[in-house]
Structures are given as structure tokens and as C-alpha cells.
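Report on the structure given below.
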Amino acid sequence: MQRTYGRDRVEFGRVLAFSDGLFAIAMTLLIVAVGVPDIADGDDISDLADALNDLKPELISFFISFAVIGRYWLAHHQFFSLLEKADQGLIGLNLVYLAFVAFLPFPTALLGDYFENPLSITIYATNVATVSGLEVVLFRHAYRRGLFRRPLTPDVYRYGTLMSLSPVLIFLSSIPVAFASTTAAALMWLLGIPLGILGQRWKPGGADGQLYGVGD
Amino acid sequence: MQRTYGRDRVEFGRVLAFSDGLFAIAMTLLIVAVGVPDIADGDDISDLADALNDLKPELISFFISFAVIGRYWLAHHQFFSLLEKADQGLIGLNLVYLAFVAFLPFPTALLGDYFENPLSITIYATNVATVSGLEVVLFRHAYRRGLFRRPLTPDVYRYGTLMSLSPVLIFLSSIPVAFASTTAAALMWLLGIPLGILGQRWKPGGADGQLYGVGD
Amino acid sequence: MQRTYGRDRVEFGRVLAFSDGLFAIAMTLLIVAVGVPDIADGDDISDLADALNDLKPELISFFISFAVIGRYWLAHHQFFSLLEKADQGLIGLNLVYLAFVAFLPFPTALLGDYFENPLSITIYATNVATVSGLEVVLFRHAYRRGLFRRPLTPDVYRYGTLMSLSPVLIFLSSIPVAFASTTAAALMWLLGIPLGILGQRWKPGGADGQLYGVGD
Amino acid sequence: MQRTYGRDRVEFGRVLAFSDGLFAIAMTLLIVAVGVPDIADGDDISDLADALNDLKPELISFFISFAVIGRYWLAHHQFFSLLEKADQGLIGLNLVYLAFVAFLPFPTALLGDYFENPLSITIYATNVATVSGLEVVLFRHAYRRGLFRRPLTPDVYRYGTLMSLSPVLIFLSSIPVAFASTTAAALMWLLGIPLGILGQRWKPGGADGQLYGVGD
């Protein structure tokens, strides 16, 4: 029997505090990759404008990655709000998941510097797909060990799994596209937004009650 | 119906812990931009004094931005102290708001390197005005969804909106001034301090009771 | 008599929040050491692939150190879950322990840049052995001052000490090996994993009850 | 009347969480300043040993500053454990105090690069003296506004003020010494340790009861 910590325990709170800290740092470190440009005449407006224009891919990468990690934080927040308790296995898997969240500033910086290179897109998309894949692993672990506050029906369980798997599919399928056009691949990532909204509507009956607890 | 989290819930606390972490990191990262100068003779006092003198704009930028982000943290702290609960919409808007807080170290570094360039002032002022603008959006969202602990009268609501909008006005109107003198533009930012103090005095009747809950 | 703080006190929580923050930052900062490569033709796939291939030791070092610090966080989490209270001595020792955790990004970056150099392995292994050694110091301090929630029998105390000492032995004994082969030394570090699992099985009778509190 | 937050309020907790985050980040960022050396032959042991030897001042600076900031965290932890509540003034002063804590990585890096230069010592010592000075300001503010959990007698209040002022004196008086010998100045800083221990013994009668609450 693995040790478990109820949600009112200091130990459950530490897992969240540690995760929140790591998310917040990973999101803030993204800006460190955007170096201030070096220009010859610091007072010249058009020189600085040109230099900043060259930074455009870095700045876009910052906001894309902030949105991506922010979305993972939201999903993490929602997932843990459904849990009654955490076991050692979940805490360990959460660390593996966070390793790939903490890694994201690297592919982000790569994307900022080499946006036109399909390899940057490949590495970025693989990183994001891995994080989403580990989200599925966390969800399945919690389901099998009965860590949820309310038992889930198989329908709702399948729905939750699919919702986490859809970003895996979107990001992995953007990789071959990147070799034709990196811009098209990046635009595919935006697909996740309407898909997520549609997904919210296609919930199986009773998903709200089971996942969120009506009147909770 | 959107899901909401009461202020005594772990989930409400996570939003605050995550925000506090991000604020703290953004404020501490500001110092990373201030690079240690490279001098030929490390033991020479006047060489190092000259080099540090050249760093003056970077050091001033650090303290300006620390004060600016610190003021936002105070406003965030006060705003959330008025809330009874948070909904998913507020949590999402809070992430957008934090993206622009996390971005501030970049314009700060720009300002440190190119203080005399009106473009630096423009980018810095636009970033700050955006954060204040998003503060208004958060305030209005909480008002419309009834997230406050005490219902606000329209007078008090208008007052709160104006208080958040005044930095937007000050920072945006400093932009044209910057093209004449960047120092004058930066001095305009200091206007926010007496204005904030005056604003505290021009509160509509009952604002204290409604916003802060006398005897709370 | 030293001042103590019970686990339900705000002050006990601050020690954990501070420690969690420091762990999370040390783990996330590891990625900063992995600089984005500088290549001549940014759009060339094989150029970027070659440059990334050269980064392999840095990337491996990131994941090794994330796992190492993550494992310390888990041990810290487990250790503090056993405590009834903290005294000033424990809080001070915890700071010394955290100093060497915060230091780890430096040997990690060294290892990433000079993986083939036995000196990098020596410094890395010494740092890790120091952290594990300080873990023993924390454990003994808590035992002697009676800070545990349940009194430990000498058997269980010896077992806990040995479990923290085993990484000290593994990492220190990898140092002479590094002078023959740095890869062999790094592989020795992986030994810690099966040893840790074996250790969980060799628990003295009653260790579970005393260390973790059956039905807790 | 200023708004106050009791120690059981979410808002009191946020001030601590934010402060803890900032302390943890400032302490961890110190290591970023210690750059990995660049050597010609990466596999050569004596080349790397020489390069690391040159880093000695940086490494010493890391540990000095970690100890200095760690000691401030301990004092902050102890100070807030004495408070019954926080008011807006204290929260604002705490931010000013934290600005100078967040600034410390800069003089630390300066000290690491130019340890022999009296100007580095001057800037470092001034920064530390400022933080200690602001500690006094926080203490006096809490005393005057009656924020302590137990009323302090004037004796105990004077004692607390002196304990925070002693580092101010030590660090400021090290500045002229630095112009004769920077090593002597740095050694003076170590004076703080025995003085702090002596100070603990010279407590006025009743200080324990008033400051820490016997049996608390």
C-alpha cells in the first residue's frame, strides 16, 4: 500500500505550492531568452525600431509559450481540484511532468531564434506533446488508484483522456507540416483553442456532475 | 454556469500562490538585466566608479520597475481581498494580466540600455498601460459576475474603475512627451504617486464600507 | 530552550513554502545554462541538428540534475511530513542544506560543458554527497530534539540514517572512477535507483508504522 | 484608520508567501552570476582546475550572500511570527525592504568579479546596511501601530532595535577598512556572528516572554 495524503494535509498543499512555483518560474524565465538588442547609436529611433523588428519571432515565442504553459497550469489546477488525495506515485509522476514544463523555455528560445527552421518546430511540438501525454498519464493514474473525490463513469473517464490527448495529436501532426511551412505548423497550434471550446460542449451526460460536482 | 471557487478553497489559494510567485520572480529577475561591468584594471577604484556611473540608467530602471510591479502586487493583493470567490473567467483573465507583468523585465532592460531613446519609453509605457488596462478588465469582470464579498454601488464601481484607469492615461500621455524629452516623460510617471494619494481622498461616500468593509 | 513551531503554525508553513520555492527555482534555473546554439544559416536543418547534437551533454545534465533535485525534494517532503514541529536549529540547518541545493545549477552547467573532464564529475559528486550528508544531519537533529510525530526506535533511526547515507557513498566512490572513465562514473549514479528500491524492501519491522503511521 | 489584516487572513499569508518567494529567488539567482569558465582544452584537468581557482572569489561571494540573505529571511520569519496583524503601511515598507533584498545579487556579482576593489566592498556593505536599517524601520512601525501579538516594554523594544542596528554599524564601519584591505573588511562581516550570539544572551529580563511568548 502506497502512502496517501488527503487534500487538507500540509503535504498535499506542498505538492501544489511546489508545482505553482515551478510553473510561475518557467513562465517568467521565458523573458530572459529575449535579449535586449545591441545597436550602434542608442538614441536613433529607427535603428532601435529595426532591431526590435528583428526580435519579433522572440516576442511572439514568449507569448505563445506563456499561453501554452498557462493553459497547462489551468489544466493542472482543474485536475488537482478534482482529487480527494495524492499518493506517492502521483507525486512522482507530477515531478516527471514538471520536468518537461521546466524544459519548455529551451525550445521556446530555439523557436525565437530559428522560427523558419522546421527542426525548431519539431522540438517545440514534441516537448508540448510530451507534457500533454504526461497529463494523460497523471489522469489515468488518479483514475486507477481511486484518488478522485467522486468516482468517474467510464464515459467521463474516456472523455477526460480524449481532452488531454487532443493537444498531443495537434502538436505531433504539426511536425510534418513544418517541413513544408513553419508558419502553417504554428497556425495549427491555434487550432487547439476552438477544439478545446468544442470539447467543452461535447461532454457526455453527467460529466459536469462527476468532474466538477454540481453545487460544489 | 461557470465553476467558481470560494476564498476558503485550496483552488482560490493556488491562484494567489501562483500570482505571488510570478510577481516575486518578475521583480527579482529585473536585477539579472543589470550586468556587472567589464573593466580593464579590476583593482582601480576610479575605473570601477566610471563603469558603475555608466550603469546609472540600468540601476534607476531596476528601482522604477520594482516600484511599478510592487504597486501592481499591492493592487492585486487589495483586489483579491475584496473577492468572495473566483470563477474560471477571472482565473483566465488573471493569467493574461500576469503575462504582461512577466513581460515587464524586457522593457525595463530596454529602458536601462536606451534611456534616451523615445522608443524605449514608448514600449515601457505601453506595457505598463496594458497592465493597468487589464486591471480594469479584472475589476469589471468581478463586478458583473458578482464575485465581490459585498455588492458595490455604481458610484463605488465607477470610482474603482477610474483609479485603475488613471495610470493608463498617465503612461499613454507620456509617450508623445518622450519624443521631446525622455526625462520629462519618466518624470510624468512619478505623477502617479500624488494622484494616487489624492484619489484616496476623493472616495465617494460609502466607498470604504463597500470596498473594505468597516470593522472587517 | 529553543523556540519551536508546531506543524499547524504559519511559521512551520513558511519554512516549507520557502524551501519549495527554492527547490522549484533551482530546478527551473537548470535550463538557463543550456544556451541556444549560434549557427550561421538559421534555416538549414542539418546545421541546427549538428548544433543540437553538440548540446547533448547539456541536455542530459539538465535531466540528471532535475531528477537529483527532484529526488531531494521528495525526501524533504517525506521528512517534513514526519515532523510534529520545527525548532530554530532545524530551520537554520535547513538553510545550510538549501544553500547546497541552490548551488547545484553550477556543477550541472560545468558537467554540461565539460562532461569528459573528471574534475566536473568530482565537483558534481561532491556537491550531491554534501546535500545527502546534510540530509543525515537534519534527520539526526530531529531525532535528538524529539521533533518527530512518533518516537522512532533505534532500529528505525539507523535505517533512516543509512538510507540518506547511501547516496553519499555512491557519489563519493564515483569520484576515483571518473578519472578512469567519466561515463562509468555517471552510470554509477544510476545505481542509486535500484538501491533505493531495495532499501524500501529491507525496512526493519515496524518502520512503516513508525515512519509513516499506518492508517495515517 | 489604515486597513489591517489578521494573521489568520489569506491576505496576511500572501504577504509572507510573496516575501518567501522573493527571498528564495534572490538566494537562488546568486548562482547565475557564477559563470562556467571557458577553457581551451575541455578534457584537461589542470586547465579546468586553474579556471575554477580563478572563480574562487565568485564562489565565496555566493556563500557569503546566501548566508546574509538567509539570515535576513530568518529575521523576517521571526519578526512576522511576533505580529498579530499587518497594516497597509507595513506591507508597503516590506516591499521597500524586499527591493533591497532583491538588489543584493548585483553587489554580490560585483564582489565576485572585483573582490580586491574597495568600491565593491563599499557598495555591498551599503546595500546590506540598508536592508538592516529597513528592518529597524519595520520593527518600529509595528511597535508604534501596535501590531505585535503582545505589547513590548520599552526595554524590549530598545533591545530589538539594537539587535537590528548592529549589522548596520558593522557593515558601515567596514567601508573605511576596505580602503586599507578588502580582506580585512570582509572578515569584519564575520564579526556579526559572535555578536549575534552574545546579543541573544544580553536580552533584558522578560524579553523572551514578550518577544516569543513562553509556552507558545
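We call the chains A, B, C and D, going by the order they appear; numbering starts again at 1 in every chain.
To be clear about the criterion, a contact is a pair of C-beta atoms (placed from the backbone, for glycine too) under 8 Å apart; a residue touches a chain by one contact, two chains touch by 3 or more.
Quick caveat: nothing in here was measured; it's all calculated off a predicted structure.
Student: Rounded to the nearest 5 degrees, what angle rotates subunit B onto subunit D on CA?
Tutor: Best-fit rotation on C-alpha atoms: 90 degrees.
Student: Could the interface between the copies subunit A and subunit C be described as same, meaning over half of its residue numbers are common to both, or is it different?
Tutor: Homomeric contact, different residues on each side for the most part.
Student: Counting only Cα atoms for the centres, state how far subunit A is from subunit C in Å.
Tutor: 26
Student: Approximately how many whole Å separate the CA-defined centres of subunit B and subunit C?
Tutor: 37
Student: Multi-chain contacts only, two chains or more: what residues does subunit B have there?
Tutor: Residue numbers touching two or more other chains: 17, 21, 25, 29, 32.
Student: How about subunit D: which of its residues touch subunit C in the complex?
Tutor: These residues of subunit D touch subunit C: 7, 12-13, 16-17, 20-21, 23-25, 27-32, 34, 36, 39, 42-45, 48-49, 52, 62-63, 66-67, 70, 73-74, 77, 80-81, 212.
Student: Going by the contact rule at the top, pick out the subunit C residues touching subunit D in the complex.
Tutor: Counting only subunit C, the residues touching subunit D are 3, 5, 9-11, 14-15, 17-18, 21-22, 25-26, 29, 32-33, 91-92, 95, 98-99, 102-103, 105-106, 109-110, 113-114, 116-120, 123.
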